[in-house]
Amino acid sequence: DEATTAYVTMLGDDALILGQRLSEWCGHAASVEVDLSLANMGLDLIGQATNWLGLAAQHDAKWADADALAFRRDVLDFRNCLMVEQPNGDFAQTMARQFLFSTWQHMLLERLAGSSDEAIAGIAAKSVKEVAYHRELARDWVVRLGDGTEESHEKMAAGIDWNWRFVPELFEVTEELEELVKRGIAVDPREFEADYRAEIEAALTEGTLAVPDDQRPILGGRRGHHSEHLGHLLAVMQYLPRTYPDAKW
Amino acid sequence: QELIDAFEARVAADEFIEPKDWMPEAYRKTLVRQISQHAHSEIVGMLPEGNWITRAPSLRRKAILLAKVQDEAGHGLYLYCAAETLGTSREEMIEALHSGKAKYSTIFNYPTLTWADIAAIGWLVDGAAIMNQVPLQRTSYGPYARAMVRVCKEESFHQRQGYEAMLALTNGTEEQKRMAQDALNRWWWPSLMMFGPPDDKSPNTERSMRWRIKRETNDELRQKFVDITVPQAEFAGLTVPDPDLAWNEDKNGYDFGEVDWEEFYAVVRGEGPVAKERMKARREAWESQAWVRAAADAHQAKRAAKQVA
Amino acid sequence: QELIDAFEARVAADEFIEPKDWMPEAYRKTLVRQISQHAHSEIVGMLPEGNWITRAPSLRRKAILLAKVQDEAGHGLYLYCAAETLGTSREEMIEALHSGKAKYSTIFNYPTLTWADIAAIGWLVDGAAIMNQVPLQRTSYGPYARAMVRVCKEESFHQRQGYEAMLALTNGTEEQKRMAQDALNRWWWPSLMMFGPPDDKSPNTERSMRWRIKRETNDELRQKFVDITVPQAEFAGLTVPDPDLAWNEDKNGYDFGEVDWEEFYAVVRGEGPVAKERMKARREAWESQAWVRAAADAHQAKRAAKQVA
Amino acid sequence: DEATTAYVTMLGDDALILGQRLSEWCGHAASVEVDLSLANMGLDLIGQATNWLGLAAQHDAKWADADALAFRRDVLDFRNCLMVEQPNGDFAQTMARQFLFSTWQHMLLERLAGSSDEAIAGIAAKSVKEVAYHRELARDWVVRLGDGTEESHEKMAAGIDWNWRFVPELFEVTEELEELVKRGIAVDPREFEADYRAEIEAALTEGTLAVPDDQRPILGGRRGHHSEHLGHLLAVMQYLPRTYPDAKW
């Protein structure tokens, strides 16, 4: 049904857009090891996106396959959250984003592995280990940079600050989502919001970082109302299929 | 002299030299130069491909390219480690790269202009790299030889993927075919340059051969590459951009035109088309992010101090 | 008190106050705040549009948008100059913006998501701006009023171009119509917020009206804007996203729904969707390029010194 | 004929790509005045590009109009020189590029105003005043930043250095061009190369800047063999017409 398709597309878009962002780092990290781990996370996420969007395309005859969904939609049809489309900024900002997102994604996928929809449960179960690693790695960097030098502390604080306003969106629940939760297909993120907040706070504290004040939540990504960043990302990402619509690669 | 004789005898007997073994200073220096140059090439080589990861035309191609670039970072790591066993730190090697003292493969100073260039790099550049590296699996320095075993396995996989990507283009639309041919036109000669100057202009070859750091000459390897690659181009329906290319029955190989060595030496001097871009990217990644490495060290020191306390 | 009475009499007689004339401190302060806020809005307002100059869909649209943004920079300049006549330097005003002390129009804290947003900004935002600014051509402070004459001429040109760009979309493909409607949905309410809080929550209105810094109340201007804009939306085949919108024969104007003032005040506090992006862009442009301004000054000093010598 | 069309396209592409680059600055300059002058130059160049590419489209039935040429070609068909596609870098780099290019463009257009092809002569004559202003403005900044502070001097030297390797391409003469020169349609840039070199050297000297050493010339732009920068520029610039091929704007 449409709601399930939309939900699966949302999961795929989160992975796709964050994977694309991470792939922008290629060759530009502070050390070969960091380059490796960024490429590795990017690769995991592109793989997950392929699975989720492939499933969405199976549900919806309008789209031939995962590639069609990835490369032939414009901004208003992308359902990813605003956080994943945020610019990389410096390495601290990238890791802040990764930590805030992967922690949420991990808590979600753990629970989604028990979805009543077997296909969803399957992809979630396959992805959850990868994401556990992303979460761990990003958490390490948050602590390391937070409690590193004065400069790295400032940068990590700024990175957290930049992404903080997009946390509430991760826990937004629409009527559509509530319906899916009732049917056992989706997970209500509010179930683990307290856990999430506690874990974030613990990591920030360990990194000697303050928990930022909450501001008015910025929402809209799930309904196609994105920041200005996504359009630029898509212009680059979709250039080849858009320019050569008949080509196979 | 006794030490040198013993060393040369071991090498001649195809024994591996290990880090703690005695070795001539020139051997050590040549190896550090060669291995670090190889490591730098892996790292700088991520840039031309990284240029297309964000624009890969399908999720599958994006994943393949990400995996490939990841492999290259991995190769860079093994090689830096192998070089470090010779007593030079990674920081020293990287500083030498950034100051222009150390070199990396000239090929990465050419731009990746279209998607077909990614296919061409896999096919030609990884192909040439393998040709260079396969003999190095039996090179005389143990850690280098062992690193090469892992590297070669992955490179030949990359080469096959690159050729497959090229075939997808030559079997595609007219525009894709044009891209493919244009990429071959631009990458062919630089690929031949990857084997280094002609033997008669390669003064260190003889000694490197004797020490089994090298096991085949530049010209031998170049010939092999041409002989293997030309039929692949033909199979793909592509024209090799060399009017002098002709099968030579007698030598059972191709005759081919003269490489533009002026261009090669200019690129070695750092005058390649995107040399400035490559060095700028590497320097900025390293210098403007020194704070990341400093923070990691500082954090580790703090933790160590806490554990003691 | 005598001075104040004389001042108020002049203002009441619709005379212009000029920089050298005596004026109450509160008048000066209110004007500096208002004019600099207006100037900042012009400058910050370049960013949402600049976001689409590089992606404008035709050469004509690119040129129109570049010209518009250029006009806005020009307006910013006149307005900074007008404010400077009141004894505050441009640097002070810019520092106040960057520290968050000075404000700019809340509308520029919303993202331009699709090309239709550029049309919507021209149509709605410039439309609302004109509504605010036309009365300011008769504002009591001479330099401000004269700046406004030039500004208004250009703004009404921008508004027409924006509406024309919107019609091109609503007369276009289904996708273009969807973009257009979506843009109206997102920009409608923020446009109504441009007139400021409702009159009963706008404590300075009365004095500003008496001093002829303002010549119509927020709610009066908002009503005018709605009355003019709704028929334009209808003509374009667009639906105004307000279920309470209805023609009221008695007042010869539209009734419309309540603006979400919570959102307005949050955006004023700096919590708008792209507020961080806007301030980051402005601060970086200013701070990371201080060297350009410093160099220009240093060069001028050198030349002056040479001419003396 | 084809050669004339290619020549006119080349002139249009130079203007288009540099205009696009300048428009990236919008809202990000060091002062409002600088923002104004960058937008102004960008606008001039987009106008010139519209004229040149409009003329090219008249010559070649394959292209409906200037927009088709601007938005429907991929890198291999762009004929602009490599210098104009170079990234903006900092303001010094932008001005170095502008000075090295506008000085050449101005010398060229002055002479092209006497072309035997009236359409070409007309557009050249219309553009030459605008470009004279660009040249002047950029020269002023080269001198000002060169002989400003130590920091600005270093940045301007780096900006000149970045763009210097693309100067020889401006004076490249192909057989095709020689043919057009013989027919009085085009101008042989070598006619004014000495003047150009002298003027550049004078300005650099005035700005206390060294004339960089020449290196092996980097060529190829005129044959569609560009740097890596152009593809990214086009992905952004062409996104809307590529994504909505049937739309009119």
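Should a chain be cited, it is by its letter among A, B, C and D, assigned in written order, with residues numbered from 1 in that chain.
The rule is simple: a residue touches a chain if its C-beta (ideal position, glycine included) is under 8 Å from a C-beta of that chain, and two chains touch if they have at least 3 such contacts.
Nothing here was measured: the structure is a model prediction, and the numbers come from that model.
J.: Any chance you could check whether A-C or A-B wins on number of contacting C-beta pairs?
T.: When the contacts at A-C and A-B are counted, A-B has more.
J.: How many angstrom lie between the centres of chain B and chain C, each centre taken as the mean Cα position?
T.: Those two chain centres are 57 Å apart.
J.: Roughly how many whole angstrom separate the Cα centroids of chain A and chain B?
T.: The computed centroid separation for chain A versus chain B comes out at 35 Å.
J.: Return the distance between the CA-based centres of chain A and chain D, expressed in whole Å.
T.: 41
J.: Mind pulling the residue numbers of chain A that touch at least two other chains?
T.: 74, 231, 235-236, 239
J.: Could you list the positions in chain B whose residues touch two or more of the other chains?
T.: 55, 175
J.: Testing understanding: with touching defined as stated, what is the shape of the graph linking the protein chains, line, ring, star, complete or other?
T.: other
J.: If you look only at chain C, which of its residues touch chain D in the complex?
T.: 43, 46-47, 49-50, 53-63, 66-67, 69-70, 73-74, 76-77, 80, 115, 165, 168-169, 172-173, 175-176, 281, 284-286, 289-296, 298-299, 302
J.: Please give the residue numbers of chain D that touch chain A in the complex, ascending.
T.: 74, 231-232, 234-236, 238-239, 242-243, 245
J.: Can you list the residues on chain A that touch chain B in the complex?
T.: 16, 20, 23-24, 26-36, 39-40, 42-43, 46-47, 49-50, 53, 66-67, 70-71, 90-91, 143-145, 147-149, 151-152, 155, 236-237, 239-241, 244, 246-249
J.: What does chain B use to touch chain D in their complex?
T.: Contacts found on chain B: 48, 51, 55, 111-114, 175, 178-179, 182, 186, 262-263, 266, 269, 271, 273-274, 276-277.
J.: Within their complex, state which residues of chain A touch chain C.
T.: Touching chain C from chain A are residues 74-76, 162, 165, 215-216, 218, 220, 225-228, 231, 235.
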